[in-house]
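These notes open a run of structures that come right after.
Presented sequentially are two complexes of subunit A, the first with subunit B as partner and the second with subunit C.
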Partner chain A sequence: MSAVDALPAIASRNRFFDALAPGGRRALFVLGIIGVCLLFAFPVFWLVLTSLRPGYAVYYVHRGTDFTLDNFHEVLSQEIVLRALWNSLAISTLATVLSLGVTVTSGYMLSRFRGPIPNLWFSAIYVFRCVPYVSWVLPLYFVTRALGIFDTYWGLLLPHVAVHICFFSWIMKGFFDGIDPSMEYAAMIDGCSRWGAFLRVALPAAIPGLTALAILCWLYTWNEFLFALILTAQKTPILTVVMAQFVHELGMEWHLMSATAVLSLGPALIVTIFGQKYVIRGLKI
Partner chain B sequence: MPQRSLPRIDEKKRFMLALIAPAVTVLIAFQILPILIGANASFRDWHLHDPKRTWIGFTNYAYVLRDNEFLTIVLPNTFGFMLASVGTSLILGLAIALLLNRKFAGRWLVQTIILLPLMVAPVIAAIMIRWMFNDQFGIVNVVLGVFGVPQIAWLTQKWTAFLAMLLTDVWLWTPWFALLLLAGLQSLPSEPFEAAQIDAASAWRTFRYITLPMLRPVIVVCVVIRAIDAFRTFDIVWTISGGGPARATEVFSIYAYVEAFQFLNFGRGSAAAVIGALIIVVFAMALYRLLNRWVEVSR
Partner chain C sequence: MAEVTLSNVRKTYPGGVAAVKDFNLHIADHEFVVLVGPSGCGKSTTLRMVAGLEDISGGTIAIGNRIVNGLQPKDRDIAMVFQNYALYQHMSVYDNLAFGLRNRRAKEADIDVAVRGAAKILSIEPLLERRPRQLSGGQQQRVALGRCIVRNPKVFLFDEPLSNLDAQLRAQMRLELKELRQRVPTTSVFVTHDQVEAMTLGDRIVVMKDGLVQQVGSPLALFRHPINRFVASFIGSPAMNFLDMAVAAQADTFRLTAEGVAIELPQLRFPRLGAQVGRSVTLGLRPQHLRLGSAGNGAQVAFSGNLMVTEQLGDEQLLAVRIGSGDLRVSGVDPELALTTGTRIDLVVPIESLHIFEGSTGAAIR
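Moving on, here comes the complex of A and B:
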C-alpha cells in the first residue's frame, strides 16, 4: 500500500529538518506565512503607493521619492466621485438586504420540502446559475429601458438581486439543511402557523449563515463592474465604473485611479475586518 | 373525511409557492426574460444598427460552430483558463486554510492580509496587474531588469498575457477558496483528529485520510461554483489583454462580446452566448455528478 510506503519517507524528512536546525520547521512555517502575506499584499501595496505619487512621478517607479496626498484631494473634489461613492454604498447595502430577503425564503423552501415543485425550482436555479453574463446583460439593458428604470437605483438593484438568487438559494438551502427541523414541528404542534415556525424558529437559527452571506454579498456588489457599466449612465454613477474611466477615457491617470481605488478599499476593509469572524463561523456549506 | 374541492391548491403548496414567489418573480423578469430575448436574437440577422431583424434560423449557430477561431482558440483557452485557475486556487486556498486553522500569534493580521483580494474590485485588480506588467514602466520588468533580464513585452505575447490573466484570477479567488475551506475546517468534529493523534498518525496521513475526506463536500461545492464562474470570466480578460494579441487569448465571453459589440452583430453574439451557456450547463451537471459520486465513494 502506498500509505505504508510513505511512512518512512516522512520520518526521514522530519529528521532532515531537525538536523538542519532545531527550529527548522518553525522557521519554515514563519517564512511561509511571510511569503504568502507578501504575495497577497503586494498588488494592494503597489496600489496604495501609486495613489501617493504625484502624476509625473508615477512612471519612474524605481527612483521617485516624491509622495503627496494631492491625488486624494483632487479626486474628492470631483463631484462625480462623491456621488459614485454614495451610490455604491447605497446600492451595495440595499442589494444585500433585498437579496437576502428574497433568497432566505427560497432556500428554506428548497431545504424543507420534497416533490416536483422544489425539484423544478432547484433545477432552474442550477441551470440559470450557469448562464454567462454576456448573454443577458445586453437584453437586460432593453428590459430596464422598457420598464423605465434604466440608470436608476432599481434598474441596478433588481438585476443584482437576480444574479444572487441562484447562488444564494443554493447556499441558504445548505444553512437550513444543517438546522434540525424538529423544533419547527414542535412549534407547529404548539399552534404556530407555518409562517410562524419559519419566522420565529428557523430564521433565528440561520442568523450566523445569513450574516456571513450578507458580508460576501455586500463585498461582491461593491466590487461589481459589468452590470454597473452597462446598466447605469450619467444619473447614477457607480464607483467601479468611475475608477475604470480614469484609465480608459481621460488618458492614463494611474495616480487618480489608484487614489479612488484606495478610497473604495476603505469601506470594504472595514466590512472585512469586522466581518471575517462571522463569515468563517457562519459559512458552512 | 372532510371534503376538499379539487382545483384548490392545498395549504402546504400555497406556503411553498409563497416562499419562492419573490425570487421567482425577480428571476423571471431580470434573468429569464433577458435570456429569452437573447435566444430570440440568436435566430435573427440582428445587427445593432439594422432594424430589420430577419429570421434566419440556425445560420448564426452554424457560423459559430464552423468558426475556426471559436473551435481552435476560444474553446481551448476557456477550458484551459478554467482548469488552471480553479486547480491552482483550490490547492493554494487549501494550503492557506490549513495554515490559518492553526493557532499562532498574529493570525488575525495574517488572515486580514490574505483576505485583501476579496476587497479589491476585480476590474481594479486587473488594471493594477496590467500596470505592473507594463513593458516599459511596470514594476515586474523593473525588478527583472535589476537581475539583468531584458524587458519582456508581457501583454503582447500569447502565453505571457495568458499567464498574467491566470495570475490575476488566482490572486483574486484564492482567498475565497481559503475562506470557505477554513469555515469548513472549523466546523469539522474534533474527535477523529484526537483519535489520530493518539494513534500517532503523521500530519500528512491525518490530512490525507481524515481532513481531506471530511472536507470533500465543501470542496465539491467550491469547485463547481468557481468552475462555472471561471468559464464565464469577462472583466479580467477584457481589461488585461482584451482578448489580444490578435484574438489569441480570447475566452468565450470575450468572443460573444466582440461579435455583438465590436462587429455589431448581436444575433451572432447571442448565438455564441447560447452555445457557451449550453456547454457550461452540460459541463457543470457532469462535474457535479462526477464529484458527488467521488464523495459518496470516499465515504
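Moving on, here comes the complex of A and C:
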C-alpha cells in the first residue's frame, strides 16, 4: 500500500532526468563529478606547479616553461625544516597512539555503562566541545608555560590528546554502539572477565573503526596549525608553522612555501591512500 | 548436570521499575523449562539473572548446590545462546567453538576433540574454517549451539534463539533442538515469546506477565487447565474466544447471557459459579472445541450466529462467526464443506470444554 503511494512522488522527482536520454543523463552525471573533482584538485595542482617554479616566476605560473627542483633542495637544506618534518611526524604519531588508548576505553564506557561516572565524563566532553576551539589556545599557553612544558613535545602533545579524546570519544562510542553487546556477554559466559570481554571480543570487532579513527587522528594533528603556532617556538618547530614562516619582512617566498607544503602533503597523502578503505569501512559501521 | 532453584527472585531497576517480582521455580536435573510471555514480562531478565548478566535485587538463585548470586558469569558453569547468535565475528567457527575451552586453559588436543565432536553432532564440520559472516542464519545458530555443547556446562540458557530465523527454518531448528536434547541431555532454560515454541519444546512452561509468574505446568496442563484468562489467551493457536456474560441463578441451572446469546449450565457441574450470581464472568471457548451442529443433549451448549468469514487452509477451514458484537473463531471445520457467508450457523461445544473466568480478576472458576 505504502509502496504504491510512494510511486508518484518518485516519478515526479525524477521527471527532469527522465526527459533526458539515458546517455545524456550519464553525461550530466560525469560532468558533475568532474566539476567537483576539479574544484578540489585545482588548488593542489596549482600548489605543486608553484613549487616547481623558480622564485622569480611564481607570479606567472601559467606562463613560462622553466621548471626546477631547486626549491625542494633549498627547503630541505634548511635544518629547521628537517627538524619540523621530524617533529610533526613524531608528534602526530605519538598523539594518535596516546589519544586512541584513552578514546577506546572512554568510548566503550560511554557506550556500555550507565551511572554517575559516565554521565560526568559525557558532560565534561560536551562542555569542552561547546567552547570554541580558539578560546583554549591562550589559557593553554599560560598553562604550558607554568608547567614548564612550553615549546616541548609534551606541551603540544597533551593539548592534542585532550582535543582528540573529546572529539573522538563520541565517534568511538558510535562504533561500540554498532557492536552487539551480546557478543561480550557470550564471552563473559565463555570464561572472560568484564575487562577480558572488552579486550578479546569488543576491541577486535572495533578494529576497522579504530583504524579509521587512527588515520583521522593522525591527519588532524599533522595538519593542525593554531596550537602548533602558539604552543611551540624555536626549540620544537612544527611543519605547518615553519611553512607559514616563509612570509617575512622581505616578502613572501611562495616558491619555498609551496615546496614545503608539497613536502607536508606527501606523508598525509600516503596515510590517506593507505587508509582510505579503512576509513570508509570504519565510518560505515 | 544440575538442578536450578530460584527462590523469591526479584529484579528492580534503578528508578523503581520492577521487572521481576518474586519468582520461584525449581528446575529438575535435565529438565527443559520454557519461560514464555509477552515482551516486557520479565522472562529475559530472569534468564539474565541466572546467567549472571544482571544483578539480582532480591532472593537467591542456586545452580546445583551452590548459590550463585555473587558469582561472575564465567564462574557459574553455564552456556547461553543469544537471539542474534552473538558469534565472535573476528574468529573462525573453529575458534568460536574453542574460545570457552581455551579460556579454561584446556589442552589444545582435547579442545580439538571437543570441537570436532560438537561440529559432528550439529553437522557443521565443513564450516569450521569459515567466518560467522559467511554463514546463513540457521548455520550461525548451530555454531552458537555448538559453542554451548563444547563446554559441557551444567545449564543451557536460551534467549529467544529462534526469533531471528524465518518460519520454515524455525520449525526445522525446533526439531533439531529436540533431537539435540536427546543426544546432550542438560538442564535447560529457554525464553521465548512464541507459545508454539513453548508448547513444543518445554517439559514445563512458565507463563509470565508483568514480572509475575502466572502459571507453571506441562504444555498439556496449561492448555487444558489455564489458571486465568491471560494464560488461556496466551496458550493455544488460534487463540481462545472470550465472551463476557452476566450470571443469573435459576431452579437448577445458571443462566449466562450476553448480547445475542444465552446459555444454561447445570448448577451441579459448576458449583462455584454460585458466588458469581449477579456479576459478570468471561466464558472461554477454544476454537478447536467448537463444532458445527445443534445441541443434542444437556452435555453440550449451543451458540448461533452469522457466518462472517471462512478461511480455507486445505486440511481444515477456519470460520469467524458473529455473536452479539464479537466474533467466535472456529477451527477444524471439514475443508470440503461448502459454507455461505452471511447465513445463520449453529455451533455446539461440550460442557467439559468450557472455561469460565471471573470477570473482575480473570481467575479461572472450576
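Brief remarks on what is shown
The working rule: the second predicted complex is superposed on the first by the 254 of 285 C-alpha atoms of A that agree within 3 Å, B and C clash if a C-alpha of one lies under 4 Å from a C-alpha of the other, contacts with A are read in each partner's own complex, and residues count from 1 in each chain.
Convention: contacts are C-beta pairs under 8 Å (C-beta built on N, C-alpha and C of every residue); 3 or more make two chains touch, one makes a residue touch a chain.
Because the structure is predicted, anything quoted here is derived from the model rather than measured.
On the superposed subunit A, the two partners subunit B and subunit C both fit, without a clash. Judged by the touch definition given at the top, the superposed model places A:S264 against subunit B, while subunit C stays out of reach.
In the superposed model, A:N223 makes contact with subunit B only, not with subunit C. Contact with subunit B, but none with subunit C, is seen for A:V36 once the two complexes are overlaid on the shared chain. If you count the residues of subunit A touched by subunit B and by subunit C, you find the higher number for B.
After overlaying the two complexes on the shared chain, residue contacts for A:L76 are found with neither subunit B nor subunit C. When the two structures are aligned on the shared chain, A:I207 is found in touch with subunit C, with no touch to subunit B.
Contacts of A:Y133 after superposition: subunit B is touched, whereas subunit C is not reached. Looking at the shared chain after the overlay, A:A186 reaches subunit C, while subunit B stays out of its contact range.
Superposition on the common chain places the nearest Cα atoms of subunit B and subunit C 8 Å from each other. According to the touch criterion, subunit A has no shared surface contacted by subunit B in one complex and subunit C in the other. Residue ranges on subunit A touching subunit B, taken from their complex, read 3, 6-7, 10-11, 29, 32-33, 36-37, 39-41, 43-44, 46-47, 50, 58-62, 101-103, 105-106, 108-109, 113, 117-118, 121, 124, 126-140, 142-143, 158-159, 161-163, 165-167, 169, 174, 194-195, 198, 212, 219, 222-226, 240, 243-244, 247, 254, 257, 261, 264-265, 268-269, 271-273, 276, 279-285. Touching subunit C in their complex are the following residues of subunit A: 180, 182-183, 185-193, 196, 201, 204-205, 207.
For subunit C in complex with subunit A, the touching residues are 51-53, 72-74, 76, 78-80, 82-84, 86-90, 99-100, 103-104, 147, 151. Those residues of subunit B that touch subunit A in the complex are listed here as 11-13, 15-20, 22-24, 26-27, 29-35, 37-38, 41, 96, 99, 104, 110-125, 127-129, 131-132, 136-139, 142, 171, 174-175, 179-180, 182-184, 186-187, 202, 204-205, 208-209, 217-218, 221-222, 225, 228, 231-232, 234-235, 239, 252-253, 256-257, 260-261, 266, 269-270, 273-274, 276-277, 280-281, 284-285, 288.
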